[in-house]
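Each of the next two complexes has subunit A plus one other chain: subunit B in the first, subunit C in the second.
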Partner chain A sequence: MKVDVLLFAQLADAVGARSLSVDMADGATVDDVMTRLAETHEPIRVMRETIAVALDERYVGEGTRVRDGCTLALIPPVSGG
Partner chain B sequence: MSADHARYHRQTLLPAIGAEGQRQLGEAHVLIVGSGALGCVIADALTRAGVGRITIVDRDVVEITNLQRQILFDESDVDAGTPKAIAAATRLRAINGAIEIIAHVDDFNHRNAERLLGDADVIVDGLDNFQTRYILNDLAVERGVAYIYGGAVATGGVSLPVLPHADVRMAAPPRRLTWTDAQSTPCLRCVFPEAPPPGTTPTCDTAGVLGPLVMTIGAHQATQTLKLLTGNIDALDRRLLSIDVWSNEWRRFDVSGARRDARAACPCCVEGRFEHLDGSAAGAAITLCGRNAVQMTGAAETSALDLDAAAARLASHGSFHANDFLLRGVFRDERGPDGDAIELTLFSNGRAIIKGTTEPELARSIYARYVGI
Partner chain C sequence: MPSSPPLLDVKLLDHPVTTLPFDERPGAAGGECTFLGRTRSEVHPDHGALRQLHYEAYEPMAERSLRTLAKTAATEHGCVAIRIHHALGPVPLGAASVLVQTLAPHRAEAFAACRFLIDALKSETPIWKREEWSDGTTWSSGMPVTRGVPDS
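On to the complex of A and B.
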């Protein structure tokens, strides 16, 4: 199944993309998607513990299952001001 | 028509505010921590709106690079080297002499946090680092005070309101501003449990920042504050706002499940451990005797700081070189109190030695702005 991933703030800049798409097996969780992304994108690995994850615009824990066609948003804390 | 009536007339015309809301604003006290870009916008809006008492805390002085976005300052503040809190207070008093502005030229930290809070009804975040934000969040949860987080870098920003649950609140005199359990929200650490490791997050000094971005985020924070102070708690935007004004993205995320669904129970608003406010999680800034230098040890030490990337981010600020163990260089435009050039030595675990000053506040400021926490 296909999961769309949106990247925000410095995460988008560090990865060099504002969106990604990943193919996941049925039954995959947010944790599985994050692990896959961390393997291929170093900034996501480094920032993983600090990122808030939303599934279809609602905050979710990493144990939540993803669905085909859903959108995960990866929101890092923004420090400046 | 009295002067006060005329001053606030266009605001009291709004049914949600009216004369009663204006009276509530006049009796309110807001603490703004940080008087940089966000703090200036927030303070300007709340001063014009007639918030009765506004306390501003900032440790820095006005510099020429601030004027592009920090709307309360001008060239005379740069020439005089005026502390930001003082320059802001002077400008705010000229805008509205009917309210009280209290300015503290100070480093907001776990030792002075409760004293500076006083009887404030809302804490508004104008900070540039997560270490101090977690102190604000601890303080808000422990004391049952509303807290409005905002952050902005480059062209992107976020904001989140925190109305702490009462579960772990310390016994304290009741506050003017209260809310029900159903109106409570997750805290900052429910949503962002860990601070970015030192050196991994861009800052306004390394990545730049667009002036109107901070005005947008600061305006949202000020609006949220006005809703709270006038009793319009149900009008609060309870979502996490995330915007990028350059790529035209405006998104809001429902974080109401964050306290329940967090990876681990929130140490702050669930377990009642205020490790930032009690100082146990604090990074240290220690003056190194006889060396005209301050050593910074990060609150969140990292073993994986990418020193080459840090050197690249600092390239426009001076000459910086990294090897396998450390990064070292001198800032072109930063000076210590005696006019000495500021030299940074940054180790891969986040520890830093900042040479050219013995002032911990200046060292913290340099670290937050150029290394990033």
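On to the complex of A and C.
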């Protein structure tokens, strides 16, 4: 199944892209997606502990299962205000 | 508790924000608190003087986050009106990037709601600030989001 991934701010700059797409096996979790992305993108591996993940615009834990066609947003440390 | 639903005015704007009066001011509102966050001058040891800040957001989620926080503040502090405006794009020195305005029956609730909203916004709303110096740019180190994230 296909999962779309959005990147922002310092993380997007470090990766050099604002969006990615990954193919995952059925039953994959957010943790599985992050592990895959960390293998292929060094900045995600380095920053992983500081990244929160949102599934379809809501924060989720890493055990959450992803669905075909869903959008995961990787949220680096926030600095609004 | 207010008898009618609270007025909520939550927006992301493509320019610096300014204070605004509430068009409707329910009679139950005795305390109004306004917070403006402005770009302050700073000097970076390597990049020189700050020229401006530049904000970006995951816009649909940021709007949802701010609206959820406004509803929470209204419920927990009995506010009759809440306004949160946040700028995206460039915000020059001295200009304001964020406006939080709370209207409640008494000052204690208005202050508490305003404090809650700016603190929560800064810790969980997906907005980011890039610092543009006279010689280079940096991203604000920011705050990793832990609040509002489920354990699993």
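Keep in mind that, in the parts below, the second predicted complex is superposed on the first by the 77 of 81 C-alpha atoms of A that agree within 3 Å, B and C clash if a C-alpha of one lies under 4 Å from a C-alpha of the other, contacts with A are read in each partner's own complex, and residues count from 1 in each chain.
Heads up, the rule we're going with is that a residue touches a chain if its C-beta (ideal position, glycine included) is under 8 Å from a C-beta of that chain, and two chains touch if they have at least 3 such contacts.
Computed from a prediction, not measured in an experiment: that's the story for all the values here.
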item: Subunit B versus subunit C as contact partner of A:18, first or second or both or neither; value: first
item: Which superposed partner A:69 touches (first subunit B, second subunit C, both, neither); value: neither
item: Which of subunit B and subunit C A:8 touches, first, second, both or neither; value: both
item: Common ground on subunit A, meaning residues reached by subunit C in one complex and by subunit B in the other; value: 8-10, 13, 49-50, 52, 54, 57-62, 64, 73, 75-81
item: Subunit B partner contacts - residues on subunit A that touch it in the complex; value: 8-10, 12-13, 18, 46-47, 49-50, 52, 54, 57-62, 64, 73, 75-81
item: List of subunit B residues in touch with subunit A within their complex; value: 34, 36-39, 125-130, 150-154, 156-158, 191-197, 200-204, 207, 209, 214, 217, 240, 242, 244, 247, 249, 251-258, 261-263, 304, 372-373
item: Residue ranges of subunit A in contact with subunit C within the complex; value: 6, 8-10, 13, 49-52, 54, 57-64, 73, 75-81
item: Of all residues in subunit C, those that touch subunit A in their complex; value: 37, 55-58, 60-62, 64, 86, 97-98, 118, 121-130, 139-146, 148-152
